[in-house]
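Shared chain: chain A. Partners: chain B in the first complex, chain C in the second.
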Partner chain A sequence: MKTAIIIFLAALAASMPALADEAAATAGPSDERSALDAEVQGLRREVVDLNRDLFMLEEDLLFPASTQVAVFVSMDVGTFFALDSVQLKVDDKEVSNYLYTDREQDALKRGGVQRLWLGNLKAGEHEVTAFFTGKGPHERDYKRGTTLKVEKGVGAKYVELKISDKVSQLQPEFVVRVWE
Partner chain B sequence: MLARLLILAALAPAALAAPVVEQDAIPGLPAVKVQDLHYGDVLFYFYQQDHFDALVRLAAYRDQGRLAEHARDADLLRGGLYLSLGQHREAREIFERLLSDAATPQDVRNQAWFWLGKVLYAAGLYEDSDHALRQAAGTLPEDMEAERHLLIAQGLLYRQRYEQAIAELSAWQGPRYWLAYGQFNLGVALVRAGETERGLALLDAVGQLETKYPELMALRDKANLAIGYAHLQGGEPAAARLALERVRLNGPLSSKALLGAGWADVAAQQYQAALVPFGELQGRNLLDAAVQESYLAVPYAYGQLGAMRQAVQYYEKAITAYDSERSRIGESIDAIRAGHLLDAAMMAGDDGREGWFAQLSTLPDSPESRYLYHLLAGNEFQEGLKNYRALDDMANNLATWQQSLGAFDDMVVTRQEAFEQKLPAADARLATVDVATINGRRDALQAEFEAAVATRDIFALATDTEHEQLRLLDEVDAELAKHAGDAGYDDAREKARLARGVLTWKLDAAWRVRSWQTSRALRELNATVYDARTRETASGTARMGAPERNAALGRRVDRMSPRVAELALRVERAKEAQGRRLADIAVRELEDQRKRLDEYAVQARYALATIYDRAADMPAKPPGAMP
Partner chain C sequence: MQTRPHRRGARSRLAFAGVLAAIGLAASAAEGPSAPDFALASTSGSNYRLSEYRGEVVALVFWASWCGDCRRELERFERLRRTYGNVGFVVLGVNLDQEPARASALAGAAGIGFPILLDSAKDVSKTYRADDLPLIVLIDRHGEIRARHQALDEREERGLLVDLRDLIDE
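Here is the complex of A and B:
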């Protein structure tokens, strides 16, 4: 028994360093690790900055403000509505047909706003049509649509399609808001 | 003393059991009513835990001036995002800047103090973290407030100020989820402060927690394991077994729990019962220390039962297993030195968020991947692999941009060529439109109308037919004038007078309607002419500015290309260095394991030799007499 206990203690003690290391690693990392960590941190910062610059360059190049139009989707509905898809047409041409994952639905419900479509339109009047489908309480299917005329001027134009609870009937519907 | 050390060792993870700062960096971000669509877009990525994209968009939109309504929220979020990506320095700078700005509102200051406390805690600066977290007291959301308390207490535990940690946690009543962590840490603090009984009672409560949260299940396992070993060392095997049986069989601590349960049975002299958990361990990965131990524990239990034949068989089985595992470790070390380990690690699917660690356990049993799961249990390797994966993501990101920049370059050239081709036709079309003349005519019409209104000139708004009728009446009047004094024309004169009177009356009656219609038509004309002038100006500006804009975009693309290429090179070098470091850690770890297996094999051989010696010393018996 004594031998076994000694073996057991030795084994247990040997199995613990991983846990002890955990604390040690948090408290005092080695120089080599610190240097590499610092390098990774520095590189990541540079990559973030570079991505920011490239993101802006891409937008300036592909979607200049003079022709830029963006359509955003947001939600202001109760917990029991699940958004399945949004279809978007501009001047009767389908530009987006988006299916939502659970993660994206959750992000929208928590207040996130999705930039569904970013495109270019000439100055003048355009027709934007959108449909959404989803499921409400008791697995009830919903499909709602909306159409609006958008006057595209010289600057960028933003359209927000908010899926909101209709107060009178507790049903989801589109509320459209145009931002300059 | 040894027993106490073991209890403390078993409790070592306790201080780290509470929230993992890196992963859960921003759980309590307060709800924000979005007032800038682009801020909402950032949140859309943030809420999906896509922190890199959220950070890039946040930085871009901020520079584009699209977050004016959320400037301070954006700063808090940016700091939190940097923290979640492990960029402590940037996070700290942002929170300190917010705090040094006297205009920062109090609620934002509170949150900034909280985040700063987290940054300092993650950096191991517990004293400073404590100071910052205590500044944050006030109006924090419930989750943040709970986390603040826990971080303060954990900082005290790290600094071995157990009494203060006990005081901090005893007085605290947080939400149930956080309370479990608090209770656990309080139990740890009490054990470390020498109040073992009180501490174990608290840990026991955590060990019996009913929960659906995986994190709390893991916490419950840790508590039960710690209690089990503490009772085992305290000579209370029954109590030890009770706690150890509560550890989940499919959890990461199950092997240690099974081993403890077996030894609890041994301590209670229940050798037959001990064979059950020890036997269960033998089907598991031999790299686990508990499993290695079980290979010696099984023959030991058989020995205690007097079943020497089985004891010999199992000691021999242990020696074979240790030798075979040593050889497999050798293969793995060779594969790792050849650089195959990281290929295997990167093959394990990764959606960038969660779940990939679990997938490692399902990798094929090849020399390069066999021990990945085990290696990842080590914090140093895990952190190193996290960095390696981050560098790999960066390399992929930069490679994608390198391709895009090539396309951007082509686009700028094509756009310039298209512009030059379309220019003559556009100029010709523009030349046919004389907006200035139209504008002049509009001005003349406006003046004419205003004059008519000023004098109430009803004839000015007559229709073409009415003008024709007036012209005819003028001709009739002229003809009649030639026969002035001739009574034979009196009847005709009277009719002409009546006709003019009727026409004048009609024009007068129609005046109000016509003047209103004309006024409206002129307003519409004004708007149309204004649009035409605006478009003409815009066309002119575009025509003049397009080559310049294209050239500016071309220069921006040209400047980016070397920047991306240079950064990609540095990322690649860092990735290689990180890879070498990971291989070193892995080889070192596996060599330690091999050494330990050597020691076990020696112990097994020694035990075997002892049995044989005893058998040799016993009086000779007929073959098969050994029980």
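Here is the complex of A and C:
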């Protein structure tokens, strides 16, 4: 029994350098693999950056600052109003009719801002009208419209449609404002 | 001196990875057209947007209350939803009736648990070319249309199950 153990230990000792070599050999390809992974990650990052630059270039080309108008929707609290849809008209022409899912309503309630429409308008006065549809206080169907005259100048124009709670009257409030 | 073969190996692997990526891109391009996005109101009052189900396998079932074969397909997809619902399979029924009450009544009677979306304006059904009902459109996790089926017989149902399991396994 003793000799068997000695022979086993001797064999184990003899195989140690071979195991060490094998370990060294496997460490090489794994290093190489991690270097390759880093290279691929770098390439992926470059592609993402390139994609972002292309997107911005495309927006600059399609919607130059001189004519660009963007309309955003935001919500503050939203206790008295559950948003279902927003219809947007510019100079009496419908440019967007957007239905909100539960997830989108939730995102707006948590402070998200949605770009509802991005378009081009020539310099001068324009009328922006928004119709909000949804459920108001006591689960009643609720529809409200709000209008704003926008003076389009040289630079880009940003319009915000904000839904907030008017606590004093227990009613929702719809505000349109232009970002300076 | 020892770094050269390594670098060469790395380059060849990178090239190989590039070729694989190119093949992957070509394969994904060949997989099918991307499913047009839409948002519709449902019989429950909530709105649904297709793109919110990216990452899951989606079956769109276009149907109407006047279509004889549609009820069977609704029941079939309700069974499939119960079986595969917890592994990322979503069913959305798209109803073409003019009156939403009819859709609700039929779906309720058939015990349908998936959302019934109302396309009374028929915009979505036109986009998906739902000329003959029922129409089933299978969409993969990347938002690509992978299969279209009409009313299914037993053999076609087996084909659909193969398609569905493949999509779920991807």
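By definition in this document, the second predicted complex is superposed on the first by the 132 of 180 C-alpha atoms of A that agree within 3 Å, B and C clash if a C-alpha of one lies under 4 Å from a C-alpha of the other, contacts with A are read in each partner's own complex, and residues count from 1 in each chain.
One rule holds for everything that comes next: contacts are C-beta pairs under 8 Å (C-beta built on N, C-alpha and C of every residue); 3 or more make two chains touch, one makes a residue touch a chain.
As the structure is a computational prediction, the values presented were derived from the model and not from experiment.
Novice: I'd like to know which partner A:Tyr100 touches here: chain B for first, chain C for second, both or neither.
Specialist: Second partner only.
Novice: Classify the contacts of A:Asp84 with the two partner chains as first (chain B alone), second (chain C alone), both, or neither.
Specialist: After superposition on chain A, A:Asp84 lies in contact with chain C alone.
Novice: Contact-wise, after the overlay, does A:Phe72 reach chain B, chain C, both or neither (first, second, both, neither)?
Specialist: Only chain B; A:Phe72 stays clear of chain C.
Novice: In the superposed model, which partner reaches more residues of chain A, chain B or chain C?
Specialist: Here the partner covering more residues of chain A is B.
Novice: Going by the contact rule set out at the top, does A:Val40 touch chain B (first), chain C (second), both, or neither?
Specialist: Touch status of A:Val40: both partners.
Novice: So, A:Glu160: does it touch chain B (first), chain C (second), both, or neither?
Specialist: Only chain B; A:Glu160 stays clear of chain C.
Novice: Where on chain A do the contacts from chain B and from chain C line up?
Specialist: Looking at chain A, the two contact sets intersect at 28, 32, 36, 39-40, 103-104.
Novice: Quick one: in the complex, what on chain A touches chain B?
Specialist: Residue positions touching the partner: 1, 3-5, 7-9, 11-16, 18-23, 25-28, 32-33, 36-37, 39-41, 43-62, 64, 66, 70, 72, 74, 103-104, 106-108, 110-115, 123, 154, 158, 160, 179.
Novice: Any idea which chain B residues touch chain A in the complex?
Specialist: It comes out as residues 2, 6, 9-10, 12-13, 15-16, 31-34, 37-41, 43-48, 52, 55-57, 59-60, 63-64, 85-90, 124, 158, 229, 256, 259, 263, 266, 289-290, 292-293, 296-297, 300, 304, 377-380, 383-384, 387, 390-391, 394, 397-398, 401, 404-405, 408, 411-412, 534-535, 538, 542, 549, 553, 556-557, 560, 563-564, 567, 570-571, 574, 577-578, 581, 596, 603, 607.
Novice: Going by the contact rule at the top, pick out the chain A residues touching chain C in the complex.
Specialist: 28, 32, 35-36, 39-40, 84-85, 98-104
Novice: Which residues of chain C touch chain A in their complex?
Specialist: Residues 6, 9-10, 13-14, 17, 39-41, 46-49, 52.
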